[in-house]
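Per-chain numbering from 1; labels A, B and C assigned in written order.
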Amino acid sequence: MQNQSGSRIMEFFSNTRGVSKLHLTDILTYLYLFLGTLLMFGPVLWLVFSSFKTPGELTRFPPRIAPYRQETAVVPGYDDPLPLFEVTMEDGSITTLARIRRVGLEAQMVDPANPEEVIRTSNTDLVPIESIVFSADNYREGIESFNFARYFLNSLVVTILATMLTLLVNSMAAFSLSKYQYRGRNTIFLVIISTLMVPISVILVPAFLIITEIGWNNNLLGVIVPGAATPTGVFLLRQYMLTIPDELLDSARIDGASEWRIYAQIILPLAAPALAVLTIFSVMWRWNDFLWPKIVLTRSELFTLQVGLNAFQGDLQIQWHLILAMTVLTILPITLVFGILQKYITTGIATTGMK
Amino acid sequence: MNKRITFIAMLLLVMMIGLVPTLAQDTIELNFTCYQDGTECDTYADLLDTFMEENPGIVVNLETVPYQFIIESLPVIVEVGDGPDIARVTDYPGFSDFYLDMRPYMEDPALLEDNFNAVPLAAFRSADNPDGLHGFPDAVTATAPFVNATLFEQAGVELLGEGATWEEWIDALTQVRDATGVDYAFTIDNRGHRFAGPAMSMGANFFDEEGNFALAGDEGFSTFAEMLKNWLDTGLSASETWATGDTYTAANEFFINVQTVMYFSGSWQVGGFANTIGDAFDWVVVPNPTGPGGSTGVVGGAGIAAFDSGDDARNAAITAVMEYLLQPEVYAEFSGRTLNLPAHAGALEIGVEYDTDNPLVASALTQFGAEVGKLQDQAWMVAFNPFSFAYFSASNTRLAQYFFGEIDLEDVTVGIQSDIEDAMANADNS
Amino acid sequence: MERSSEKPIGQVPSSRLTIRSFFEAIFQFIIDAVDTLFSRLQTLIGIKGMAYFFVLPNLLIFSVFILGPMLLNFLYAFTGGNSIFLQNRTFVGAENMEMLFTCSNFMDPNTCREDLFIRAVGNTAIFVVTQVVWMIVVSLFTALLLNRRIAGRGFFRSVFFYPVLLSPIVVGLMWRWILQENGILNSAIVSLGGEKIGFLSTASWARLWVVVISIWSTMGFYTLILLAGLQSIPLELYEAADIDGANEYRKFWGITLPLLMPTMLVVVVLSTIRAVQVFDVVFAFTGGGPGTATFYIVHYIFNNGFASATKEFGLASGASLFMASVLIIFTLVQLRLRGVDESS
């Protein structure tokens, strides 16, 4: 039925073309969609490629897409590996030399095969020897100085606990607001949804005061609990639960089920699509949340990934090579989850998302 | 029978677990919140390890945070009573209600009182305790320009020295930039603090006779603002640095990556440059360019402050840590390892041995020493006035607005002054 | 093909049945355990009482962390000083509000007492209008194309949705990296023979890019909703129009658009409310600059309340109060338009 209607509606856009032949509008459509794909993924890919580059390579203009890295050689008598260059000698021959140091315009070079002799050349004639390397250096250095594991764990704890709490309290409230008649019900609902879109960012100061009075600043609870009573979640679930027929509840009551059992075993399974959507939203909100955690969590061992990432940027000097690597690590988990569940996520939001 | 034995064993176990914290209560754990421009916190961590070996009863947990944290979050967490015991801060007066007066706990208050300049020590104090000792600067820092001398050499342009004016400098820098093809002649952090020194050199008077900010209509300030706008507009300087709203953007990246000939910042960069640039090119510190107002930078104000914990034993422990860091040898080691000029007369007396074999670092520090000697009085006051930070945030915003054409030149100084007065009025309310 | 992707989320392939039944058993156990407790409660307070009981946890969190702060906001807005504790603040009456809204000419922020606030309001208003209009155009266009008979619709739908998942901080940082003066876009322009453009240091460019990246990062969501709206239009209408000999344009303007209106309205309102709150992405992207070109209301609140060394909670709360009122009006208008009151 749906398939049939789906194909018919297509005819609206395409009823002048033959069935098997590609029409010009089809070509344009695909062109747009492929350009769109490029636009959506291009920046992320550029980020990934850049994250493997050395700091020097990152400041290069014009930038090169692939991560080049200068080759080095360990020369006896020198502690650190020395960078390799191609040098045109006075006789016109080209040799590979390692640079010891640069003094003004002059460079002191050494032949790795003959480490005893120091050769002096002009620094401007050196051509660095490079190759494409996907090196994990930035990632290693970033993880060491950025405490990635800690932030990741904090983000994970916040996201999971907050999502569970959100699902529980929101579905209970939605159940009550959709399936019972009592005094004050409409008032409660109206007050909740009138703040539907008032974000915590507009009540920052007093919300912070309350967290302080409770003693929850620098406590993950201060991030987890306040956002759990989302008006959006209550609204979404209530609208969905209204479509569940009341007869189901009545017959369960006749069978002697308690109100709690009706909620947990009848309403919740039937509202699963809406709960799934709220789960997606909640995970997305919590994983990406920034402003509120930034204010509540001031000790770095409690930072979530987003807060840590921004603090990293706010440091004395922007270390792009580390920021890029850590950004890639931050988006990796959510990208993986999306890759696996994308079909469910997009259909879920499209069919139940916003009634 | 068996059950009873198990029960008693369990009970004993629980009691023992309960006892562990009680036994451990003899040690006092202190929190030290630190930020670093170079290696300051790493050095403190090493020094405090020695301290903790000598004082087994005190454990100092040092936490290194971004500077942004010190500015944005620390004031709030201190006010709600969740702050550290010791912190490395720059806004001394900002926390004056919460400091610990260390005098009753100190073995020798003179160690602090007699070895430091009175202006920064006074900046820690609140009005109701005019003699308190709360903290000390851990370095004398001053603003001045860094120059890439290698680029000058490559361009064949003579490096300028003491007495050269801003106009002469910009001519020379432009020549070097054009000859070497780097992006910029001059870059400066997007801070009103860095801007203050050159503005004073152009004749700005920041304060009235009572020592209150009085910038409205100041000619010198406007002159340098106009000059800088001109350089930004013509691409001599990096407008990207000033384009990030009031978010701090250091232009040191341009200097490290050889994209600018001159970089105007301060002596706290030396330790960082020793690591990031090393001897990749010759970087030198040059005297502040001269103008009708002379040649001056301004001081920067990193210092260590002690916070009142409300508990006698704890306060004594905090003071012990501070006194340890005040020992001339310890202070001198800190200065030597972090490549900072000491603010401590006693440390200066025994001499600071800088932990570097890079002659560029040594000469940079010598030059900064000379710059500190030339500082005008207002160059100290601008860092240690109770409303210094109101000036900083106002000037960051107003200058950026002017540079990007949102407000006129006359409105810059008027706007800064009125923002500072608003902050003063708001403070009066509390 | 299409059918399988429309399968309800709850359906799981039978191979995972054992794992599923394991979790179901645990779930069942918890439900039973709680039930013994709550059944007693129910005999105590009755069914009506249970109704209140179910709404209680949500209401508690809501009152403490959303409603309470909204009321407290008034107290902050009418007091001065830099203390966060209300008992340390002095009552100043409407001083903060007066400061925020004193202008000799509201069209020229320079004449305002607190020009930064007025600029933030102006910037936000302009941003909201441009962003919402372009968001509708782009996501409607994309949804219409995705609604054609095309191969890989599910794939493309996911492609456009992917950026929605990225955090605003990541989006801001990533685009800053691309658009900076020595970034890849300028490099492309230079290689095509152009001059570098200061995307982040020219007010009009920065404003434009903030709109572009916020559309980039959220259009997938609205495209999904519009696509669902398109697919729910009854086909009989198009068939009838075909019999009448209507052409494509007549069908689009006569059928598609009017019937899509309710969905469009949802998109307009949702994206408007989102746009009013814009902050994190811009904070990481331009920091509000150049100057104050991309400085918006939430940024103003954050700056005065938390970021600047001179904490002016009064001004921050005054601005919050203004913004909360605007948002509540928006939301109520939306609810009225969607007819929610009637259904309750």
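One rule holds in what follows: contacts are C-beta pairs under 8 Å (C-beta built on N, C-alpha and C of every residue); 3 or more make two chains touch, one makes a residue touch a chain.
What you see is a predicted model, and the numbers here were worked out from it, not measured in a lab.
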Chain whose Cα centroid lies at the greatest distance from that of chain C: B
Dominant interface by contact count, named by its two chains: A-C
Chain occupying the most central position, where position means C-alpha average: A
Chain B-chain C separation of Cα centroids, rounded to whole Å: 39
Where chain A and chain C are represented by their mean Cα positions, the distance between them in whole Å: 17
Geometric centre distance via CA averages, chain B-chain A, whole Å: 34
Sequence positions of chain A contacting 2 or more other chains: 59, 208, 212, 295
Junction residues of chain B, two or more chains touched: 73, 76, 80, 247, 249
For chain C, residues contacting two or more additional chains: 84-85, 306
Residues of chain A that touch chain B when the two form their complex: 56, 59, 101-105, 208, 212, 217-218, 295, 298-300, 311-312, 314-318
Footprint of chain B on chain C - complex, ascending: 79-85, 88-90, 92, 99, 110, 115-116, 119, 180-181, 198, 200-201, 203, 206, 283, 286-295, 299, 303, 306-312, 314
Residues of chain B defined as touching chain A within the complex: 36-37, 63-69, 73-74, 76-77, 80, 82, 150, 153-154, 247-250, 252-253, 256-257, 259, 272, 276, 279-282
In the complex with chain C, residue positions of chain A that touch it: 2-3, 5-15, 25-26, 29-30, 32-33, 36-37, 39-41, 43-44, 46-47, 50, 59, 61-63, 168-170, 172-173, 175-177, 179-180, 182, 185-186, 188-189, 191-210, 212, 225-229, 231, 234, 242, 258-261, 263-265, 269, 272-273, 276, 284, 287-288, 290-291, 295, 305-306, 309-310, 313, 320, 323-324, 327, 330-331, 334-335, 338, 342-351, 353-354
Parts of chain C lying in touch with chain A, wherever the complex brings them together: 2-3, 5-10, 31, 34-35, 38-39, 42, 47-48, 50-55, 57-59, 61-62, 64-70, 72-73, 75-76, 84-86, 142, 144-150, 154, 156-170, 173-175, 177-178, 182-184, 186-187, 190-191, 216, 220-221, 224-225, 227-228, 230-231, 233, 235, 238-239, 242, 248, 251, 256, 266, 270, 273, 277, 279-280, 284, 298, 301-302, 305-306, 313, 316-317, 320, 323-324, 327-328, 330-332, 335, 340, 343-344
